[in-house]
Amino acid sequence: MSGPLTGLIPATYTPFLADGRLNVEGVDAQAELLRESGIDSVFIGGTTGECASLSVAERKALAERWIQVAKGTMRVAVHVGANCQGDAIELASHARQIGAAAVAALAPNYFKPATVEDLIVFCAPIAAEADPLPFYFYDIPGMTGVRLSMSAFLRAAKHRIPTLAGLKFSNTDLVELQECVRFDDGGFDVLFGSDECLVAGLCLGVKGAVGSSYNFAAPVYQRIQAAFDRGDLATARAEQAKSVLLIKTLAEFGYLAASKALMAMLGVDCGPIRPPLRNLSKEERGTLWERLAPLDVFPRKLCRPE
Amino acid sequence: MSGPLTGLIPATYTPFLADGRLNVEGVDAQAELLRESGIDSVFIGGTTGECASLSVAERKALAERWIQVAKGTMRVAVHVGANCQGDAIELASHARQIGAAAVAALAPNYFKPATVEDLIVFCAPIAAEADPLPFYFYDIPGMTGVRLSMSAFLRAAKHRIPTLAGLKFSNTDLVELQECVRFDDGGFDVLFGSDECLVAGLCLGVKGAVGSSYNFAAPVYQRIQAAFDRGDLATARAEQAKSVLLIKTLAEFGYLAASKALMAMLGVDCGPIRPPLRNLSKEERGTLWERLAPLDVFPRKLCRPE
Amino acid sequence: MSGPLTGLIPATYTPFLADGRLNVEGVDAQAELLRESGIDSVFIGGTTGECASLSVAERKALAERWIQVAKGTMRVAVHVGANCQGDAIELASHARQIGAAAVAALAPNYFKPATVEDLIVFCAPIAAEADPLPFYFYDIPGMTGVRLSMSAFLRAAKHRIPTLAGLKFSNTDLVELQECVRFDDGGFDVLFGSDECLVAGLCLGVKGAVGSSYNFAAPVYQRIQAAFDRGDLATARAEQAKSVLLIKTLAEFGYLAASKALMAMLGVDCGPIRPPLRNLSKEERGTLWERLAPLDVFPRKLCRPE
Amino acid sequence: MSGPLTGLIPATYTPFLADGRLNVEGVDAQAELLRESGIDSVFIGGTTGECASLSVAERKALAERWIQVAKGTMRVAVHVGANCQGDAIELASHARQIGAAAVAALAPNYFKPATVEDLIVFCAPIAAEADPLPFYFYDIPGMTGVRLSMSAFLRAAKHRIPTLAGLKFSNTDLVELQECVRFDDGGFDVLFGSDECLVAGLCLGVKGAVGSSYNFAAPVYQRIQAAFDRGDLATARAEQAKSVLLIKTLAEFGYLAASKALMAMLGVDCGPIRPPLRNLSKEERGTLWERLAPLDVFPRKLCRPE
């Protein structure tokens, strides 16, 4: 499995036991659901994967399990970003050794790079350690507070990070998106990060998308992609509206915790979310099921939570 | 001229004399350029029109001139929003009396409405005073700092503001955009406010757009619209890239001041910008001309500034 | 009455009738309460005075009434700031003609000055029109969003605005406060704007303070000042704690609306607050009274609201 | 060494070798300077100590060295906060075992606690692991983006975190500061975090302060404290002005990197700063020395950088 990351790429959940410990076996059921959904690439240990709540050792164990389970049938992109550059380098080295398809890293967010140059100085040794794996910078300013121009980053990093393959673009600035998509005649992958606006991303030329809702609602996005491909924007918009409803419903309950609860309704137990995020109460899970069950977006029928 | 606002709707500049006084005669040359550009609707006295820097008397004089010049051949939507509700009501009454096609109002931005309900209480008397003119709420959180859900506003205001026709949506939240476009089976106009992302707006279903760059670069947007209409997204994106370059170039010099300088290069003297914004120096105007002259986006050849 | 503004300076409320119209007669009862409280300077038409919700004509009428009522026994500083520089100049001229003691202006907040230079260009003609009245810049970044260094402003404006007397400093940056207080050997008045931290301001060297709670709770602040003057910081802190409790209680109900309701409980009817702010319900006023009545901070016993 | 943390408490730097590796031996020279400065408590591995840029193993090695060097003559408070709760628990356990005087933890800042309750759920197991060491919550919203009421936290956490001793309050909200200082009759330590406003903190009742500039400029703060203690606020303010000048000068060059360069000028080589922060160039260090050398705030004469 090589080549660029394209299509729908779920940002996977990290499975925990009820007591909060890592449950690497939980990866298997996730992979099964994704195969059933026709997915062939995953992005692991990112925001959806609660990267900031995992120790370095846990991140390695998670990556190993995914590589094993993928057995060469899925591309596994490993997120290795960390506030401590040394930790990120260690994770990049590990990802390379175990056979990941690509690595990605976000900006440090306690001490923040002030310029594109600072960001390159931070990222370059991480990418170098993963060489020859393709490196993606993961831009997610809403979480990191780091707001740097990604088109300026591509221009400057192109010659400084030889393995730079593109961006995971979890940023609402569609002007920058356009510039990144067009940069170097489309020579860099721009992986779109706003599931609820996928149709806009496709119109603006993106070829791949990384997001959490591709875990549990791939069918609706596949219908969007198919409608878009045949030029039927009205249908694409109507399907996108279903995705918007899904995501806004989850957001009312706390998006990440609610979507982990939804995974359980799909028969894929990813366990609780770690602090400082808050799990849904039993009552909230019941209400969520009632709200979600009628939606025509899921790959499996939702089981009522106990 | 009645019916909803659709197509490309320039948000016009307010013309001043060199000493900063209002120059209502300057409206005529603007209207001529717009007619030449195939434009049939304008949005006057908005952000581009420096609304916050005008007195109430100046706003009335500006509106009167536009109505005279339009002579029934252009729809004139008048922005009447103000921090002082009484001022906005007075402007709404005036707009109705002189024969405007529609009125719009933004949220007060010193004291800010905390909820959709507060916003409706502020807007309803303004809209009522303009009745039977259609009323548009002008959502521009980047300027006002008022960030309220526009889909929630439409739902609540539908029954409270009988003349509510829609929104001028100068907001980057494309999830809300989708919801507003679909609300009530598309019963409300959602006028897109991000010129540099027009193609994304069209893909998401907007039917009209209000913006400053439609004053001076209508041709490129008309090509975007035409390409979109025939399903040629690649061309639409390529034309949009020209618009992005134009707008980013202007922004380097201070967008509003630079675009007023550009109007002069098109033979339409709109005069200086008022404080606290800053006009371009003579040197900056020269540099701007050099940067803009080669672009294939304008309705006329650019004159070199003296 | 001339000389610098010192001591406790209430930022007065603007009185309205029940239907929202300006009630200039309401000024008289306010002035009476303030005289009874030992106050000899007022700051009118500022944030507390709902400046942004008043028309230019209303602001003039309000200023005229205050000058009449003050009859030379109180210094009346008139806030003339506005987004439209022309409106501010007109108000400054008026303030000079009617005999105000000083004028103040805040930064325009829709279009914002980007630099100290832009701010000076905006303010200088306003100050010039009021000459020879002393001019205060009113820095309130939490409302305007304009965050410029006030020490840099004093340094640059000293030679550009000959009547510059100082600042109304409604800003939490105590480093800037220190620099402004020390600038030019204390040659500029820095009027402290955080009533709930007055003791900190006094420790840092301020000589005057402008705020809303000096309208209705002057006694507690006079005790703070007296304790501070005799070096009894423990008492000053204990009294300040009462002020903190008062202000946090008001803030729970919406500070400005609640404090207008409190004025009525003191027998000074200032009427409702204008949209987009929201008045307290009858029940809320009852609850507020119950919470406030026991506090030992008021100049008069609070009347229970009807 | 037991009891609460009081007085001036330097937040120490983490020493690195020129190649960026941890240099635990560098602790010794720091401790020597602090003893010479009359300091008897330190706060290690906090923001000044580049906590976010250190691995867990490095943080343990750093803490061990400080405990050894302190040899019971200095109180060593160890910062154990981390985004990953498990890492923070591991560090808390280690701090207890090696004989730290106290532990502190900041809020996770990638995933953020939304409520005081979420924050307590995150902190309680960390504090429990360090029991019987006193636990301080380290509130630094400017870095973490977590803005929760610290007075509400104290009220709620008092019964949930039995070892809670107080706060490191690196927050500009002086109303909250007052409430925390007074809470429970002053039963909790509120360690002030704004070195450049120490005199304001003392006026508001703080008994201890944690900051970076106590490493390199203890004399000026000791003069502030002494002047304050004898009621001489004019001198306290004049000394504080020197601290303000020092800190603003450092900030022009990038505060943390510049202050590490300053440590070297004092003969205490703490090495470079880690990415994403940027070290001063040789020229910048020369300029910084020229600007700082004349200041009357340091415990030793500054050596010119090579």
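Order of writing sets the labels: A, B, C and D. Residues in every chain begin at 1.
Note that a contact is a pair of C-beta atoms (placed from the backbone, for glycine too) under 8 Å apart; a residue touches a chain by one contact, two chains touch by 3 or more.
Note that the coordinates shown come from a computational prediction; the quantities given were computed from them, not determined experimentally.
Chemist: When you check each chain against subunit B and subunit C, which touch both of them?
Modeler: none
Chemist: Tell me, please, which chain's centre (mean of its C-alpha atoms) is farthest from the centre of subunit D?
Modeler: B
Chemist: If you tally contacting C-beta pairs, which comes out ahead, A-D or A-B? Let me know.
Modeler: Result of the comparison of A-B and A-D: A-D.
Chemist: In whole angstrom, how far does the Cα centroid of subunit A sit from the Cα centroid of subunit C?
Modeler: 51
Chemist: From the mean C-alpha coordinate of subunit A to that of subunit D, what's the distance rounded to whole Å?
Modeler: 36
Chemist: Which of line, ring, star, complete or other matches the graph of chains that touch?
Modeler: Contact map by chain: ring.
Chemist: Among all the chains shown, which pairs meet the touch rule set out at the top?
Modeler: Touching chain pairs, listed by label, are A-B, A-D, B-C, C-D.
Chemist: Of all residues in subunit D, which touch subunit A in the complex?
Modeler: 47, 50-56, 58, 83-87, 107-114, 118-119, 121-122, 143-145, 256, 274-278
Chemist: Looking at the complex, which residues from subunit D come into contact with subunit C?
Modeler: 172-175, 178-179, 182, 194, 196-197, 199-200, 202-205, 231, 233, 237, 240-241, 244, 247-248
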